[in-house]
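Both of the next two complexes hold chain A, though its partner changes from chain B to chain C.
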Partner chain A sequence: MATTDTRLTPALGKLFLLIYAVFAAFPIYWTINTALKPLELINTFPPTFVPTDPSLEAFTWVLTNSRATGSIIDSLIIASGTTVLSVLLGALAGYGFSRYGDDVGGEDVAFWLLSTRMFPPIAVVLPIFFIFGWFNLQDTHIGLILLYLTFNLPLTTWLMRDFFNKIPYSFEEAAYVDGYSPLRAFRKVVFPLVRPGLIATTMLSWVFAWNEFIFALIVTGNDVNPYPTIIPTLILSNQILWNQIMAMAVIVTIPPTLILIAFRKHIIEGMTLGVAEV
Partner chain B sequence: MSTTRWDISLPVVGDRLADRELAPYLLVGPTIVTVFLVTIGPMLWSLWLSFNRWKPGSLAYQEPTFTGVDNFAWLFTNDRFIHSVVNFAYYGGVGVFIQVALGTLLALALYNYVENQTLRVGLLTLFVVPMMYAPLVAGRMWQLLFLPGGGVVNGFLGILGLPQPSWLGSRWLGLTSIMVADTWRASLSDSLYEAAQVDGASRWMMFRRITLPQLRNLIIVAAILRFMDAYKFFDKLFVMTNGGPGSTTELPTYFTYLVGFQNFNIGRAAALTWVLGLGSIITMMLFWRYMRTVEEV
Partner chain C sequence: MAEVTIDNLTKEYGSIVATNDISIDIDDGELVVLVGPSGCGKTTTLRSIAGLETPTSGSIHFGDTDVTDRAPQDRDISMVFQDLALYPHMTAAENVAFPLHADGQQPETTVRESVEEVARATNCEEFLDKKVVDLSGGQRQRVALARALVRKPEVFLMDEPFSDLDELLKRQLRAEVVRIQKDLGITMVHVTHDQEEAMTMGDRLVVMNDGEIAQMGDPDTVFNEPARLFVATFIGSPQINRFDCRIAGDRTLTDGELELELPADAADVLDGATGEAVTLCIRPQHLSWADERPADSLAVPVSVNVIEKIGTEDIVRCRTAGGTEITGVVPAGALSFGQEGYLVFDPSQLHLFDGHDENAPRLN
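So, the complex of A and B:
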């Protein structure tokens, strides 16, 4: 029994991986494939697996249409703005929780911060929608930047707290003995060590903000149009412009994918770490 | 994650005493204030709203009017809400189970049966790329794949001479199709990958006897994560079926969205969000307690 297991399971395991790899890769291939086809070759039977005459028309449309490019710029502004704010605040708070945790409520407050993420986003955006109305924040960049702090700030705080916890306090103590001020000790000793974690946190919060949809759907849509709000406008009453939707999909998925490849280890860790240690 | 570090206070050296006393508040304060302004404060207001009838634009309830627990009574007797909860039980239960099981098997297979380091990293990256898709974009992609006429899934089935169902056109099949899309986007959890690296067992017997018990806590954590995601699930449903046909594939968050932003029944929607939020927290606490008991045994 055991011997058959040793011979059989590796083969089964590899077959399973192969099947899953096809399952994972095919939709990615199909995104690109559809973006390269003219509309009449989409939704044909049999399916057009390899476009005979690939065309960059849909990509040209995305890159020259002012609504499409404008939406990508809006998304860039919002994702970057919210990332700067949430990493700045989250890094300070993470350091605070890591080094002075007990003075500021300890684990409880940190956990309580994170638990705000357990509510579905709609719970936050429902009251915010009206509050934004009073302050003229609906349909503005700054409004969405602030709104995205609701999910990104607890995340950055929690992640940064964890990264700071990995740096032994004795390093700072040694710096104090050498006569460093707390600020200088932070800059010279702690910061260089925490930098990889800081970069990963930055990238992760950027990706989350970049890909967000429901908040954007509810509080923007006229003056400010993040890219997720533009995609539905490509569904016309009589046809769906699949090639343009998929060209848009390719273009907006490239930045997160490049980030993933560049920071793979940290990103995959961060994706689960944030909540895995609740 | 030791807390011992926190027991050591900063050295008190002359003029730095002030720094030490103020520093914690200066560091943590801005974040607490921000979270209060953008999350806690609005949600407390929404808790108050949940005891009010408020329908902006209507004649009778132009302003919030206190109605006690009417909104809660309404939602617990609302068939459409209960229908959406049943959908969630299926979606969350079956979906999370499949996704966590797949994630575990993938991690174990990846570690145990792929010796080549480059290939392993390549496969791992491939499995995580779907996570970089915006959920909205992933939903559109799968909608295209699942199109009843001309979609590539039915294209394959047609070539093989098999029946071609309308994947998004009915309740259970629709929910299952959305589940497939969601599984595609996020099934490989890294905590499991890490665990497989440490505890890698090369045979099924060893897996069942040794690895699985060791992995149990990590699997539970992964399940909690996936369950939290399922709770918040919205985007893919929004694009793939829009809750349809009719309202058959609606999940609770989507129903809340309709009540709040289509009917502008704000009090009722607020009551819904609080029931969902508390439901989520209670579920987490039950998971958590279960996990503690497992550890103690």
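So, the complex of A and C:
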């Protein structure tokens, strides 16, 4: 009996994982499937699981239509700008809080930083709309970058503070004693150790700015159009352009996927920093 | 190498005084051990020598140079940290070479040679190419030692690096550190809370308590003539026997239960006591067992309560009729549980202190 059990359990586990994988992957498959169908085949019943006559028409539209490409470029600018600023500032602040935080709140800092994320952002949408109007920040890249910075910076600071906390201060002290200046000690000892954390933080920050919808919809609209605000415009009064929506969805998934693949080792390390190491 | 002079070092953290007016002269090539319970200021003193703490007042000189306000990187020191502070993203060899790359001037071949030389001295040649995470505790200790030695610094500091090791490895590494220190003639300051480690390693001991120096001296002096009651109780294993007494006559002390009749020469020093309160101490090694009360000597009737075997000898924890615990050391197997008899005090090994608090000074 016992032997049957030990052989059966891994098989059951694999079966469960398989079911879960299908469950998780199906929407992605359906997105691609829909994007490849001509519009008139999308609402047929029963639905076709394999496109009989795949058409790249929708993808061609996304890649050639100036509104669509423009919106992806806008999103890239905003997401990258937000990420560079929030990771840079967040890393500096996180280092400060980690090393000298006892003078400015100690452990309460972590809660204070995190509490800013508990606030429902939707509550401030209208005030932000007016404030951005007064400062001429509406419909600009910098406006949205600054706005996303206010959401991202507490998160990146909190994450980076935690990553720096996992590097004992004695590592830096040992470098000082061995003749290193604070800047060189940081570059040679702290930076290589915090790099996985920095990459994971960058990733999270970038994905948030890339996907954000509500604020983008409120404060932009003419000169600047991040891609999430373009997708709703494909819902017309008489029909929904499902194939174009899905093609857009596939294409905007590519940048984060590539980043994830490129840095997957570091991201896993970053997520488990301090658990697997020493 | 250099001598280190610490003058009136005081370090305060807000209202907490970590070290209070500490002065120590360390000779060139000497191994000084700072020893004391946690929070006694020994690590603060060490970190001040390293430049990792800025003293509130006082000064530190290496040779004739005042280094009080110098940053650690300008002091030409090396230090082994309590957590060793080995860098996990580097191999053992890269860790050892790290101090040599500080100025970025050393050619790679010289670095390689220095690393190999110090690795031979510290017995870590075999695992130089391994990552730090793949090393055992003892191997890490050796790598940390090698990293600290590679630059041949003026002053070598150690902050309890052996505290996490098992007993056997600890003894081995202690002996090795002392050998290397003597071979190279290094000026070394070692911090530990382990009095046994302090006794076995130090040329000189600085016993610290509550931010102050309780006694400074070679291990024999500290052991045989503790200057304060604190030193007597802190140094020595098993712990010294202590009787908090009052003067009850010309030669007699009483702790409420026992009447202790001192030998004439010991009794003379009682004249120097400032009050009634006197503490009598005697080490377990200086008590001997007698089945019958010996004539003319200081002895206490006891029964054996606990016997701890340590191989060559037995540590016997005895109890008087009134419940006072007294510890003695007797030949292995000499006594059995519950046995009744007398613990006889060696009259030349009595320690008398003026008072009952830990700062009480020695009388004899």
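For this structure, a couple of remarks:
What we mean here is this: the second predicted complex is superposed on the first by the 238 of 278 C-alpha atoms of A that agree within 3 Å, B and C clash if a C-alpha of one lies under 4 Å from a C-alpha of the other, contacts with A are read in each partner's own complex, and residues count from 1 in each chain.
The criterion applied here is as follows: a contact is a pair of C-beta atoms (placed from the backbone, for glycine too) under 8 Å apart; a residue touches a chain by one contact, two chains touch by 3 or more.
None of these values were measured; they are calculated from a predicted model.
In the overlay built on the shared chain, the residue A:226 is in contact with neither chain B nor chain C. Once the two complexes are laid over each other on the shared chain, residue contacts for A:176 go to chain B and to chain C alike.
By the touch criterion stated above, A:192 is placed in contact with chain C alone, chain B being left untouched. Using the contact criterion defined above for the overlaid structures, shared-chain residue A:165 touches chain B, although it does not reach chain C. Contact comparison for chain A: of chain B and chain C, B touches the greater number of residues. The residues of chain A shared by its contacts with chain B and with chain C are 168, 173, 176, 181, 277-278.
Of all residues in chain C, only 50-52, 71-73, 75-79, 81-83, 85, 87-89, 98-99, 101-103, 132-133, 147, 151, 157 touch chain A in the complex they form. By the touch rule above, chain A contacts chain B in their complex via residues 2, 5-6, 9-10, 13-14, 16-17, 20-21, 23-25, 27-28, 30-31, 34, 42-47, 89-90, 92-93, 95-104, 106-107, 109, 113, 115-124, 126-131, 146-147, 149-150, 153-154, 157, 162, 165, 168-169, 173, 176, 181-182, 207, 210-214, 217-218, 228, 231-232, 242, 245-246, 249, 252-253, 256-257, 259-261, 264, 267-269, 271-272, 275-278. Across the interface of their complex, chain C is touched by residues 168, 170-171, 173-181, 184, 188-189, 192-193, 277-278 of chain A. Contact residues on chain B toward chain A in their complex (touch as defined above): 1-3, 5-8, 10-11, 13, 16, 19-20, 23-28, 30-32, 34-35, 38-40, 42-43, 45-46, 49, 102, 105-106, 108-110, 112-114, 121, 123-138, 140-142, 144-145, 147, 149-152, 155-156, 158-159, 184, 189-191, 193, 202-205, 221-222, 224-225, 228, 231-232, 234-235, 238-239, 253, 256-257, 260-261, 266, 269-270, 273-274, 276-277, 280-281, 284, 288.
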